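Paired with subunit B in one complex and with subunit C in the other, subunit A is shared by the two complexes that follow.
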Partner chain A sequence: MYYDPFVLPFSIGLNVLLIYLVIKYIRWIRTFSPKDRRTIRRNIFSLKTLKAGKEVFLESLVHHKIFRTNPFLGYMHMCFGLGWFLLIVVGKIESLVYHTSIFNPPYFAIFFRYFHPAQETFPYCNTFAFLMDLILLMILSGLTLALLKRLYSRALGLKKTTKHRPFDLLILTVLWLIFPFRFLAESFTSGVRGGGSFLTHSAGNFFDSFLPIESLAYPAWWAYSIALGLFFLLLPFSRYMHIPTEMVYIFLKNWGIKQGKRFTAISQFQLYACSRCGICIDRCQLGSSLGQLDTQPVYFLKKIRHGKDHSVQDLNCLMCGRCEAACPVDLKLNALRLTQRPDYTRITRSTFEYIPTPSPARNKVAYFAGCMGHLTPSVIQAMERIFQKAGVDYTFIDREKGICCGRPMMLAGNHRAASVLVEKNKASIQQSGADILVTSCPICYKTFREEYHLDIQVMHHTEYLDLLIRNKQLIPHPSDQKTVFHNPCELGRGCDVYAAPAHVLQAVSQRIATAYDDKNSLCCGGSLANLYIRPEQRTQISSDALHAYLAYHPDVLVTACPLCKKTFTKTENAVPVKDIAEMVAENC
Partner chain B sequence: MNFWGFSISEARVIDYDKNDKTLAQIMATEVPSSKLCIGCGGCTATCSAGNLTEFNIRKLQMLAKRGENKELQTQLHKCMLCGKCLLVCPRGVDTRRMIWSMLRFINS
Partner chain C sequence: MSVIIIGAGPAGCEAAYRLARSGESVELIEKEAEIGGNLNNWYQLFPDRKQAADLKAKLRKNIEHPQIHLHLKSKPVAFSRQGDGTIQLTLDDGALITGKALLVASGFRTFDAHRKEEYGYGIYENVITSVELENAFINHQINTSTGHAPKRIGLIHCVGSRDEKICRLYCSKLCCVTAVKQAIELREMLPEAEILCFYMDMRMFGPGYEEMYREAQEKYNIKFVRGRLSEASEDREKRLIIKVEDTLVGKPLKMTLDLMVLMVGMEPAEGNDQLISMLNLQTAPNGFIQVSDPHSGTNCTHQKGIFVTGCSSSPMNLTDTLTDARSAAVTISEYLNS
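After this line comes the complex of A and B, so read on.
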């Protein structure tokens, strides 16, 4: 019935692609651990699936996160994603209304204008024609933007655009040709037989005035079909793998599959779900401060995927999380990076035997300063003063014989050694019998929360100060010092603590809002996660970050991490850098 | 036997020709800042591990540079990689990276 050889390239391409994807995904999913599989089975028939469906719509089609970062880019992606989706859906409905059989082959809807004799009308045929033209126009406008982006990436607010391999350029060209071909094919056909709407019909008449469209229409349909088929065949080997993979990843993520310490199937999904949008490039301070443009997730993931050497990239990352916070696909970029740092430690029972068995005094509240806390005694003094003012009795776990929380070890990949430190610290925390563990160091805080599995409340001192102030145990008086807050990576993006420090700082000073608030805070450069850059490069990052904050002319730059404080004060001392605890101690 | 409270020290000869300098070379290329060390001992003074036991990171890096790797092999694992030494070093030696590189070498 409705058949013409020109549909073959499209049909073959589509079927090969579908078979390839199904095999690939099933092979990955089969390597999930039994625990992960149980999680999937538990959640597959729950509201989580609906939630995932909504997310697929918002992210994969509307691209609403890209919109928030960059409206131009968002519109461009939406034109492609949503536009193509609508073209398929509306086209399918149109073909169903015309033919009323669900079992017409996929190509029938795609090449509807070819098969449908224009003079034959059906319900709402004009509305459909109008809609289809509108959607095509939308896609073509996105295409124009994409072309402009290639030519003038700066004009669209993107400093850098991703570099491409020749193969990527090939498939990009194929993709960009699909819709112009469709436009030409439909216009020519409309010029010959009528049909179409404001776009294709007018264009058809226009082309008719100077082109032999009668003989061009059929080849144009061939070209359209070949472009589609070729795109489907090339897709698995290109970055456009992200289109199907992102959708599967969103479902897996919503069902509760987590990126663990090892590179597993969920990592594979993430690797292929990266759309190479390049948003992570502009967020990275290694790029903006040091001009290192080969380590951002887009390049890092690409290297892993194509089996290129990525040993430098494994180590060269501050794990500041700035890219992760902006990644529209919500990839777990820090965790992925960490999977590439192997554990090479050979520890024995005696390695850490030197660490004494601690026995801190028992108390309701336990305080842990952390290694970095001990490097900045003023923070500890401030906390001691605050405890005293608030009349809180506490036990100081690592006053003298403290050890590291283990996170720096984990960041170097050495999980076995870290686990010994974790056990030792855990023993002393439990010995203290405390209900609340307060720490001054966001690095310790994150580790206590995520790796220690303590059954007591863990608080960063900003949260604890906030609690004391709200309970009126501490009554600070606001000073008129103008402050800018530098939210440490591990506290804000790392542990999602934003409100507490903001409240506390507002209570003791005049806080200036900056472009670097909340998720957009900078990295101080002191991060222990980077095992590659040299100390002077750290200073460069630190200095750039400092100047970005100081552009708001605060009297004091306030942070909530002893490592940030130490790093900034080492770099420059134009403006005092204080911990939030010091600000509170001075003003109560 | 140290019967009288005195003993004769073993002969201490650093034989640069016989010592294995592979590690020293790796350090020099991977962590060029290690050459900047002036042996001030700041790192050792602040060290979390050194606070609890006989562990001297300044000495260990000196031994490594001389190619005397024996003590290193038994001692270096005690480091917790906490990074305090890196923050206090007045010369900008990337001590933590240096330890990490040495550990990797020892273990491979």
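After this line comes the complex of A and C, so read on.
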């Protein structure tokens, strides 16, 4: 029986933590709707579980998404995630090889160097010692980077790092102490009794030269155990809840649980899965353009979790999705924000009775310009010219009378009002008998796709133009104009449409690649979702975004959203801003 | 030593004349080939329907004063000061002009209506600006693009004014009264046409303005609809279909127009920003030149010896511009004699 009282802090901490987590997760899972529970039951024994396992390895341990933000930052997170995991796994294997019973207590592997008499050999013991030292070295190198990040975050690719509560700083210190304590304990023991490998053995000999290591070794093991135990006890109340919660969230997500309009159990999991890494801070244009550094998801979720007032944060978000695209935990940040915007309105079907349902002519192709489309007549004109040139007969659903798609109301939380509009609009779309619905507005497009449940194909005009060009119904002539493409938030990050506009733009112009392509495109500042900032602050965001694009000296700045076009033209006219449809209409 | 004036529009000319009469010598710089500035685009002036050409002739006659040296087709490109505060201005033709004081009278330009794309200027054929309507008055001819006399005309107020969507929060002051004047002129030319003004508020602040507004309704049968235009589209006959909310009735309104006139507001003159940075002046929140005090220093800037007049500091009508020019002349005389 291997036992020493110093293992108690670790063992108590671990057991309390495990019991806490099991109770907490079961309580959340019990609140899942019957539908969600059916989804879990259907998918739990499927390939999705394996896929989730792979994702847990890649994201929770390797942190491979963070490598995309910055390789050093990725390495730092990997050292803690994968490093600690390997330390546990390899340590456990080592202890099993030494002591073939599978039922040795958990602390035995953790404090193996203390219990294992160094002179006693077992198969591959040197290899194990080498591996364990290598892994410890890896974690210690990550720790050094973490220290550097606290002092100088730019070195790790972060302009701004998260501001933590004092309590989180305390547990951060405890976490940081775990590995140096382990290093000291193993080194001292190795210095006294031998064992260890290149790191702990050499360090042991080195410490022996000037420290009374014989009397220090035992207290070092105590310190190591206390640090571990304390970390486990503090974990449920700290941001480190993300370590276990993220893994559970990844499984739930892969089994098909979606973040809906309400704050539910899956929202709870996401709330606790946020690691507060702070990658969202630099991505947010409210921070970079306006210096507002309290509304980013890291702080928004923190406020909800700790019961602080978050009424401003609920409203102060552009919902451009830039944070969501970079979130290493893949949290549904826009949807989470929307859950905090309650429906205050008392709008019923009768409220909108005065709005007649348009009855468009029947045709195979239906075109919907949208409200913003009607505010940029040049886009409608371009589309009409393109339809004519391609010989496409179509019906213009909202030529005379149009109904809002409902998205602005949804973004304000007024889902009841929106549903009335959706119903009316859907009726007129269905009346057209079309197979394809083409819209010029990415906002309408996203709404049609996600909220309308139409049984016809919905296309944004970029996709439709791409289709016409590929079918040779349109023959574009490439012009010499240099263009930069601003992918609208709702089209790119919102609906994952990246290839179509790239193809179309390459066919009609000389497209310049920028740092803001695809997932990194900026918000134009015209966002319908932000219900908090003042008009001049919006203008500041637009102006900053515009200048970022114009730094590439395009002849034309091209976008695919009438709202973006309007927003970009409100401050400056030095370089023309055009819709992709206008570019095509001019060059075919 | 003389006084340098940038801009020979009504403000610059009036100030030059007053300064010359009080014995100062004046260097008057104008970027165009003739004096008059925006006055050249106007046909008749409110409220008395005086011919703009008559006022311009008077200004031109005034600046024939021997103490005034007019530099046409010239722009300042560099500015410096000597130790004693003397101002040196280099013109784009290389000429060096020195003076004891500098008066900025660079004026305004009209708002570029293309920026309100929803109104369809430059996209629909029968959308014109108030400036283009004045030019049509000069030529005594109003026709639609299809060559017909318009039967229904809409005048849209506040295009580029009081509109936070295009960052123009201020009132340009003269568009309301211009709309009333132009509506009356249209009525005189087209007795059968229906003429409507779409306004947010009628700001009839000047002497005779309110009377003119009342007359427009009672005598000239001009209809005034309180509501801002939301969007416009074009039908096959190139007529405009507009959507407006009549806010007094509280109902949305849809209507067909043969001709739509956009009452464009005022913006800082072209090159205003460069001038501000060259002379080291301050920009007011509305983008015009900041004056040192809104009550006692309306012609003073934050730079000693540099003064401002007319629409360089904020939108003004012609009456106020001329008054302000005379005020600037007095301010500069006091400065030179102190």
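Please note the rule applied: the second predicted complex is superposed on the first by the 586 of 588 C-alpha atoms of A that agree within 3 Å, B and C clash if a C-alpha of one lies under 4 Å from a C-alpha of the other, contacts with A are read in each partner's own complex, and residues count from 1 in each chain.
In the analysis below, contacts are C-beta pairs under 8 Å (C-beta built on N, C-alpha and C of every residue); 3 or more make two chains touch, one makes a residue touch a chain.
Being a predicted model, the structure only gives us computed values, none of them experimental.
Aligning the two structures on subunit A places subunit B and subunit C in clashing positions.
When the two structures are aligned on the shared chain, A:566 is found in touch with subunit B and with subunit C. With both structures placed on the common chain, the touch criterion links A:21 to neither subunit B nor subunit C.
When the two structures are aligned on the shared chain, A:93 is found in touch with neither subunit B nor subunit C. The larger set of touched subunit A residues comes from B, when the choice is between subunit B and subunit C. Judged by the touch definition given at the top, the superposed model places A:414 against subunit B, while subunit C stays out of reach. Once the two complexes are laid over each other on the shared chain, residue contacts for A:535 go to subunit B and to subunit C alike. Using the contact criterion defined above for the overlaid structures, shared-chain residue A:377 touches subunit C, although it does not reach subunit B.
Contacts of A:454 after superposition: neither subunit B nor subunit C is touched.
Legend: residue contacts after superposition of the two complexes on their common chain; A:575 is shown touching neither subunit B nor subunit C. Look at A:344: by the touch rule set out above, it reaches subunit B but stays clear of subunit C.
One listed stretch of subunit C collides with subunit B once both complexes sit on chain A; from 61-69, 223-231 or 277-285, that stretch is 223-231.
Shared contact residues of subunit A with subunit B and subunit C: 374-375, 535-536, 539, 566, 570.
Those residues of subunit A that touch subunit B in the complex are listed here as 344-347, 351-352, 354-356, 371-372, 374-375, 401-404, 406, 408-409, 412, 414, 417, 421, 526, 528, 531-532, 534-536, 539, 563, 566-567, 570.
For subunit C in complex with subunit A, the residues that touch the partner chain are 112, 114-115, 117-118, 120, 123-124, 164-167, 231-234. Against subunit A, in their complex, subunit B makes its touches with residues 32-33, 46, 48-49, 51-55, 77-78, 80-84, 86-89, 92-94, 96-97, 100, 103-104, 107-108. Interface of subunit A with subunit C (complex): residues 374-378, 380-381, 399, 535-536, 539, 565-566, 569-571, 573.
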